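Once you scroll down, you'll see the structures, which are given as structure tokens.
Presented sequentially are two complexes of subunit A, the first with subunit B as partner and the second with subunit C.
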Partner chain A sequence: MLKVKVYVTLRESVLDPQGTAVKKSLQMMGHHSVEDVRIGKYMELTFADDAANLDTLVKEMCDKLLANPVIEDYRYEIEEVVVQ
Partner chain B sequence: MLKVKVYVTLRESVLDPQGTAVKKSLQMMGHHSVEDVRIGKYMELTFADDAANLDTLVKEMCDKLLANPVIEDYRYEIEEVVVQ
Partner chain C sequence: MKFAVIVFPGSNCDIDMYHAVKDELGEEAEYVMSDATSLEEYDAVLLPGGFSFGDYLRTGAIARFSPIMNEVVKAAEIGKPILGVCNGFQVLLEAGLLPGAMRRNESLKFICRPVELQVKNNETMFSSAYKKDEVIHIPIAHGEGNYYCDEQTLATLKANNQIVFTYYSTNPNGSIENIAGIVNARGNILGMMPHPERAVDPLLGSADGLKLFKSMVKQWRESYAVNT
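Take a look at the complex of A and B:
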């Protein structure tokens, strides 16, 4: 089984209101050492063993569906999972 | 500067309608090798250099705010970022 971990994050130049809200909540909880919070998406995709050209496949999935190329960046890691 | 990467995912036993919807969309795009999609949150927290007991801090933040302990699991990685 093949597993791909995809991380989608807002570009540095893009405001992150959700992250700002979480930062303020943490600081109100007394965590004043928190300087910044950025929130993104984390996806785990499972592929059939015979999936070929995974790099090309995942790039196309990210470009077309999983990430918004205008405001988001993405990176991914491919893992082989041995099923007992 | 200290950076903590937090990954929040739904527990295996919890249904993931968002993941299911993305899986179906990918398969409609022709990606039939996709067997499963699980979607979670990815957060990057930046701390002041003098932040102490980071493990304890981050665990408390996750338990109280960043993750829902009833339906979600979390893991995190602590990184030292050298600012040029």
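Take a look at the complex of A and C:
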């Protein structure tokens, strides 16, 4: 089994109002060392071991649906999962 | 003139849109489900507000892959007017029919109230019944109306006069350049966050939205008269 972990974040040039609110809250709690907070999304996709062209496939999924390239960046990791 | 009102699972302004066209404008309107595969018999397409497919991932992200969206693209290509309001605007952005994207409102709050808009371009098929720079009253109701595009896209929007409506006096959601509504370069696709269909009768607090629909009818009648 292959597990693809996809991380989607707002582009650095795009203001993240949620992140800004959370940063302020953290600072109010006394965590003044926090300089910035960016909130993103995490997704897990599972494939069979013999899934072909996984890189191409995942890129297409990210570009078309999982992320919006106008405001978001994405990265992903492919992991082999050993079923016990 | 016959309008199609697209209904996605979660649309909730479809009835207002239908009412605006049928009862206030006096034109024909029909509901078309998002899994339908033809828009041939319609002269214009309305994508209503509300939600769609739970707006999972991003607003409009899943709706854009509905079968009907292929037909919306075809209708747009042959020059039919396409109007997307609120969630409809978000679907048009996700589909790439209009440039840019929506972010959460700056305040992170869902905002539902009447706002003042300024008509920046009254030379489109959606805004010809307004005066240039006219200030109109139309309600907004959204959590994600904070329009964003990169600087290059913004420059193009300005150069082509594609910004049709801007928020006047206050910017409710943080959108760049106070943008409330834009058209594509060809001018036949309008996306806007405010709800003109909710401002079609003085009883509703404003009838300023009616001119938008009247502009569409006027343009259609004129092109129809020329073609026959």
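Observations on the structure shown:
The working rule: the second predicted complex is superposed on the first by the 84 of 84 C-alpha atoms of A that agree within 3 Å, B and C clash if a C-alpha of one lies under 4 Å from a C-alpha of the other, contacts with A are read in each partner's own complex, and residues count from 1 in each chain.
Simple rule for what comes next: a contact is a pair of C-beta atoms (placed from the backbone, for glycine too) under 8 Å apart; a residue touches a chain by one contact, two chains touch by 3 or more.
From a predicted model like this one, the values you see are computed outputs, not experimental measurements.
Once the two complexes are overlaid on the shared chain, A:V82 sits clear of subunit B and of subunit C alike. In the overlay built on the shared chain, the residue A:S33 is in contact with subunit B alone; subunit C does not reach it.
By the touch criterion defined above, A:V70 lies against subunit C but remains apart from subunit B after alignment on the C-alpha atoms of chain A. In the superposed model, A:P17 lies in contact with subunit C only, and not with subunit B. In the three-chain superposition model, subunit A touches both subunit B and subunit C at residues 41, 65-66. Residue ranges of subunit C in contact with subunit A, taken from their complex: 57-58, 61-62, 65, 93-94, 99-101, 103-108, 146, 148-150, 174.
Those residues of subunit A that touch subunit C in the complex are listed here as 10, 13-15, 17-18, 21, 41, 65-66, 68, 70-71.
Subunit B meets subunit A in the complex at residues 1, 7-9, 19, 22, 25-26, 29, 31, 33-48, 50-51, 57, 61, 64-66.
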